Each structure stands twice: as C-alpha cells, then as structure tokens.
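Here it is, the structure in full.
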C-alpha cells in the first residue's frame, strides 16, 4: 500500500505533468488556434529605414483590393490620442508613427482584411514615401553632441535616457586606492533575441452590445496589461478581459505591450469584429523586445594573497528608440547591482547610463532575471581575470572569497540582503562530480602536446521573486502575487493564481503545493490562470518570480483553509481545536492518532455539517507580499576543446549544481535547468545581433540568427544542493533563469582558460568559430 | 500564374479532406484552417524550425514550405492521428514519461519527425536521434529529455514488435 | 548596407552613339535587370519599375531617378531612390566617356548603392554577389546593343530580359 505522500503527489514528487495530455494530442490552445466567428485579420507595414521622416502614406491601392477593410495609420490613431502609449519604464513609445520612424521594421501602418493572405497582399500595396535621416547605431556615438536625435519628442534634447547608481563610490575608491592588485576589462554583451518557437500575437474582440473588449494575447502578465489598457483607453477594467491562452514559450519576450496588440484592439473596437494579428518570425526578431546590449567596463581590486576587496562597474546600456524594458520602476538597470555576486566584497560602485539608438526597444527579454545575466557575466569573468593575473586556480580563488554559510542573511555592498546560501558546498559538489583535479592534470598534458582544452567555472548567485512592496512596483502596481482556492464538497479543488505559465508546468506544480498543504490528491486539484475575469490579480510570470510570490500565496491560502478546517475537525471529532494537530496529512486529536479525519471528510462537512455560527464553504484568498527576494545559486563547471583548424569550440562536459531551496517537482526543475543551460550556451557560442551603419539588422531570420539544435547542445549533467529560503512559506526559491544566468560565463571562462597560456585574458561573446580562429591566428596557434 | 481556385483532396490521418483552394495556400494553412487540425504549428518563415513538420506519405515534410496543391492526393499524418483507439502512440507516451515537452509548441513537429525516424531506425543511438531531430528547434527543453523520450518510445516499439513474435513462438510451442 | 561598384567598359561604337544611347531612358531600360515598366516625367527624370530578387526575397522597386551634371559626350550622373514593400534603395551613379578611336569608346562608371529593409537583412550575404551579377548583366547588354549592326528602329516598349535574381 502506497504511503499517503506518494499518492498525494505533493512537495518533492516528480509528478507527471497535468498539462501534457492536451499538448501531446495537438489539442493545445495557442493564440493562432483561436478562431472566433466573423474574425478578420491584421498585418503590418514596416519601415525599411532605421531613421526617416514619413512624407506620404498612400493606401489607395491597398484599399482597392477586394477583402481589404481598412488601413490604419499613425494619423488615425493620433486623432484618438493613441499614437503613443506609455512604456513600463514610464517612457512613451509610438504605437504608429505620425511623421517619423525610429528603427528598422518599425510598425508604420496596419492593413485589416477578411483573410490572412489578403491582409499580407494589402501590406505589399501600401505605398510609403520616406525621407531618410542619418541613423545612430553606436551608443557611444549617440552620446556625442552632434549625434542624430532619436527622440525629439522629449524635453531633454539628447540621447541620454537616465543615469543610475548603486553602492558607495567613496568607499570603493578608498578600497581601490589601498588595493595591491587591480584588474580591468571591457566586456560587451551583445544584443540577442529570445525567439520562443511561438511568435507573438493576439485576437482582439470588442463586443459592441456589452461594450466589452476581450483580448486573447500572448502575454506573461495579463492583469498588468488589463490595467494599462484601462488607463490608456479609458475603458473600465470590468469591461476589459485579457486572456492568456496556452503560450509557446515566453522567457520575457511576451511581457511588453507590442504596438500590434494595441492596433488590433483599435481595429476591433472600430469594426466590432474579432481581429487576429500573428507576427511572422522575421517581424518577431526584427521588431520585438531584445535583451542585453550592455557595454561594460569592470574593475576588481584585491590583495596579493587573493582577497577580493572592491568592484567598480560602469555600463552603457543601449536601449533602442524607446525605454520599454520591463523592469520594476525603481530599477532602470534591473537587478544589475547584484554584480558583487557570491563574494564577500567590502565595497562596490555600479553606474549605468541608458542611451537611445535607432534600434527596436526592450532590454530584458531573454530569461535574464532583470539583468542578472549581465551582472553574473561581469563578476564571474572578473574573478577569472583576477585568478589569471595572480596565477592562482580559479576554484581556489572563489573558495577563498565566498560569502560563508554562517554569514547569511548577508547584506551586500549594493544593498541586497541575501536570504541563504552555501556556496562552498555547491562548488565542492560540482568539482567532485566533474573530477576537477583530473581535468587539470589532463589539461596540463594536452597543453604540452599543443591541444587546446579549457575548464571554466561559474559560481553565481541569482536574485528572484520580485518583490517586496517597499521596493518593487511596475508602473506603481506593487509586485505581490496571489492565489485563490476553493475546495468542493467531494474533496476536489480549483486553484486560481495570478501568475502565467509559458511552459514551466504551473498547472502541475501549483497543484502539488496545494496537495502538500491540504492532503488532497494532486489529480483532484485543477489550476487555472490567465483569465483576468476570474484569476486573482497578479503581476505575472517572468524573472523567476512565480514560486517565490504566487507559490507562497498558494501555501498561505492553503494554510488559511487549514485553519478553518481545523475548527471543523474539532467539531467532527468533538474535541477542542487546541487539541487538534495536522499530522501525516490528517487532522488528529493530540495523543490519540486513531481519532482523525481527512481533508476530504472536512470538505464534505464544510457544506453539510459545519459548526453553528461558522460560514459554510472551504476557500481562501491570499495576496502575498514577499518580505524579501530569494537567492538561488549554483556552481557550474564547463570543459571545452578548441579545434585549432576551425576555431570551433566543443563543450565536452558541463556539470551544473543548482540550489533553489526546497523543490516542488524535481523532474520539472531539471527540465528548467536543461533549457536554461541551452539558452546560456547559445549566446556564448552562437547568438548575437548586429546592425550595419544604416541601421539594418544583420540577423533578421533563422537563417542568420542561429538557435542551437540537438546537434550543438551537449548532454547536460545536473545535480543539486538544498539550502531552503528562511522567509519563504515552504523554503523554496525561484529557478527558471538560474541556468541562463550561470552558464555563459562558465563557457567563456573555459575558452579563455584554454588560451590563457598565450596571454588571452578575455573574449566577448558570441565566441563563434571565426572569432576564435582569428584569436588563434593572432597567437600563432591556428592550424591549416 | 493563375489565381483561380483548384479543387484538391488530401487524406489527413486517414480522412479525406476536399476543398477549393488558392494555389498559393500553404499546406500548413490547409491543415490548420481548412482541415481545422491546429496541432501542427508555425514557428518561423524560413523553413528553419520544424514546428510544422508532418508526414507526407510517411516521410517528414515541413508543411510551411509546400503548397497544399502539391500535396493533392497525398496521405498526410499529423499529431492528431497518433493516438489510436484511445491509446497513445509510444512516442507520445515517451514524451509524457520523460518530460520531453514544456511549452508544447515544438512538440507535434518533434514527435512526427521521431515517429518516422523510429520506423526507419528502431534501435538508434542518442547521436542518431540528435541528428534526426536536428531540423526541429526547441527553446524550452535543451533536448536532453527529448532524446530520452524518443529512446523510451524506441524501446516500447521494439517490445511491441517482439510481442507478436513471442505469441507465435508460444503458440508453436504448445502445438 | 552600403555597396560601391566601379568598372570600365570598352565599347566598339563611336562616342556619339554611346552618348545618345546612354541618355535615352528607353534604351537603357531595355537592359535594366527585371525591368517592368517606366514613367517618363521629363528628359532627366524617370520612374522605372524593376523586379529584383536576392535569395529568398523578391521585391518590386519603383525607382525615382534624376539625371544630373550632364556634360554632353563626356559625363553624366544620376541619383535614384526606390521603395518596395519593406525595402528601400538609395543610389548614386556616374559615368565618364572617353574616345579611344573613331569606333571605340571607353566608359568608366561608378555606383554607390545603399540598401535598407528586408532585402538588406535577409539578403545581406548574397547582396554583393547578386549585385555584381546584375551589374555585369546590365553592361554586357549595353555593350551588345551598342555594338550590334544598325537595325530598323524598334518600338520603345520592348520586352526587357527577365531576371530571376539568384
């Protein structure tokens, strides 16, 4: 007979996913699967120029095509006050331009037609005349006095957006002044695009009779969208319904409000018909929210014995033509100030300057945890640079400088309070698993024979679960999250949450939380989310926040139910509530385990036999304000071999030891790590976006922008340590982005390590074969 | 070049589907919008991602890179046809058991490619599997569990092949 | 994407004939790759429509071409700007003629072309190769027509050679 825990499928069980049955049968409901009666289609005319005045838009030929119903331009939207919309960073962004385009592939007009193909035909027939202007593509040049002005609409007539600082400059300067060793590097983390396999889209449907706008949208944050829509359009929120259907990958790329959504909504309001807009892949890559594009100069000060003292970082952030990064409002550079990482530094000073250029907007849309990818890349690279300078082993240098387990909660020099961590244990486990000492011996032997082998380490601290209301908000909305649970008389439950899965398995994991807390079998618990009419208000899923915030809310709501249930148990067992305890998923009388009732018994009683004076029913809601963020961490070790004839880097082995506190579903966590590692390797070796001097993007389709296939991706080896979060209701931390954060510097450190003996100290990503080969040639190591 | 509609009949998962269509209608749109089978997905516009992969007369084909008129008279298999009589195909079972999917968007194309591959190569190495699915992009899983899912299916399918032979042997033994 | 081309052609025809040919938009159009039609607005201002393919992208450009700096029998320059759906092209070109003999002329030409949009993004890697090919096609046609023996006047609306890009 199985134990109750196994049949329940609660915490720690690798329960098979409840969402799989429909996906396996091709019965998922993604945005392009939605068909509404009378639905019409929208396609978008886009600018070939990165910077130009629009002198004329002639839609006559398009309008003459049978099936084309309307062509919407910026002038049409301007008349309704909708040509511009607010961004999540309190900037504003064009929905459609009235007279100027500011990035290539910018939306210029929209064609509405009865059929998808006719809308595309219509786009070919809209004639737009442009007067090209010189674009500014280099963020450094953008700050020069005679640079083309990207945003003449702003009061401040230059391309500088904001300046942001963290840490203590004076303390840092003092530490540098007294340091015996200082290392300095320039690092460029190029623009990349997350390219989830499903692109973005929406079906906007305005019901003229009810005056209600329903919009199906690929969005990771449906409630926030609803509120923004309401504020911009004036339609009250009870008359706006945002529905996230099944989403084919988000990773942050489905957080922004894209102009297409707004134009489709306007078209639907005007026509009273449902309007579908689905972007092509090339539109997705060329116009949608990007990630990274940080130009960083970092300095690390230390003593000769390797004790790290201070860190100084200056960054130029290329934000494109609008500041539309989806960061919490007080953090224009996201959580970049966690850049002191896993190390006990005395002082740090971080400065970031945001700049406008003639490129699409964005900044955090590639599983980056609000710029933690950039932060970890910086510190993990600098630690290796320092190790190389001092001639010490990078593992030893890390061990020496780790924040020690007994120092938690730990206050960092930039003001973060790390909740818990055990960095030495994670690194030791990774080193043992990969056989670090043997690898170093092998490397020495290979080096003597002229073979290039490298070992790279990354010991990262992540910072997730935004966030406490005293510090975090998006456009003023605090970043709590929520859960509502209703238990039925026959012992099943429906759980509604404010976060939004895009493949992370919430329908399973959140049911598991409730299974654990209430002792109800996981298969009898349904999780719903994504419909703003029914789900409690939440801020959505991104930056690995769901388990830390909504997961906590789910546990707390469950415990509120358990509190009421205890009183019903007391009534059923004819005992005093103080004598009732919850043990082994049952309520029992203390000291008399034979006298017990299950939650199923209680659920029935809540509707049929509840104590006099008590409300019937068994439900609860919780809006959880996290007291702090959570700090997952990990130790990654990467082994590479470099082909001297081609410059190709092959990842021979990659061991990832992750710690995300208590784990709900080990199978799902492991899957998140595999996917995250792949999205960490990709920017390190394959992916990067560049622009030519005219502002043309040079990787506009999957032919040029290369995603890793099963051939490039190594067999990831994963393991874990468990250091619970002391403040989280069940000790869990987030994990979705840990691997994307931790992996890239491990790969770079490995490649640099392979070439350190000839004096290479840094390589910028992506480390394509051509880039590596040029380096080999420069150092006399190239063959053939 | 004619804009005139053409009548085509495609057999999809064993069912004939006839319609008058424009010659330029892509096969994937025929499947999704004329036959109303939305399990086959579109992920790119350069034939790079494989989300649209179906079987065309048993051979994997990227349905976004064909016109429906080119498939006139052909037998098409899509993900909706994998489950038979309420029983999941071993490939579907493998993806379920081994957590071979997360967002599910690449999964139909991935599974159809796997189905055709395993019919040709019932006992593959992991490397052969990776090569077979190298035309199917996945952004969520990192491929490790997809390879395990396909190995699971391969083992199941080998068992199922062996089972009838054992029954025959058993019958002979008792004669 | 900015492209620069230049070249020299030896044409076995007298300089007057070459000059006349070069200034006649209809004659030049006969050789333009993917030529579909043209609107003539003035002696020095025309709007040809060309269908051009680079790799997977085919676009129909309507160019606005303005001749300038015309020095008879010696030099001519032109500016053009064109749009297609999602793509744009800006170009400057110049040509110098020098007589070699009574029956032979040297034509030296330069062209600067700036391409933007879909064609530049998707076709970037094929751009230079295709542009060279199309340019070679153009001048070969030019030279062939000029060197052909005299024929009766052809109607100006002739079929232009179809180009399929790559």
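Per-chain residue numbering starts at 1, and chain names A, B and C are given in the order in which the chains are listed.
Throughout what follows, contacts are C-beta pairs under 8 Å (C-beta built on N, C-alpha and C of every residue); 3 or more make two chains touch, one makes a residue touch a chain.
Just so it is clear, the model here is predicted, and its values are computed rather than measured.
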| item | value |
| --- | --- |
| Mutual neighbours - chains that touch subunit A and subunit B alike | none |
| Top chain pair, ranked by how many C-beta pairs fall in contact | A-B |
| For subunit A paired with subunit B, centre-to-centre distance based on mean C-alpha positions, whole Å | 31 |
| Cα-centroid distance, subunit B relative to subunit C, in whole angstrom | 49 |
| Subunit A and subunit C, separation of their C-alpha mean positions in angstrom | 50 |
| Residues of subunit C touching at least two other chains | 56 |
| Junction residues of subunit A, two or more chains touched | 282, 701, 703 |
| Shared interface positions of subunit B, touching two or more other chains | 46 |
| Complex contacts: residues of subunit A adjacent to subunit C | 45-50, 104, 123-130, 132, 282, 286, 692-701, 703-704 |
| Subunit C to subunit A touching residues, read off their complex | 1-2, 56, 83, 85-88, 90, 114-118, 120-122, 124-125 |
| Contact set on subunit A toward subunit B in their complex | 16-17, 19-20, 22-28, 30, 32-33, 116-117, 194-199, 246-249, 251, 280-282, 502-505, 667-668, 670-679, 701-703, 707, 709-711, 713, 715-716 |
| Touching residues on subunit B, where the partner in the complex is subunit A | 22, 24-25, 29, 32, 37-46, 48-49, 51, 78-80, 82-83, 88, 92, 95-97, 99, 101-108, 111, 126, 129-131, 133-147 |
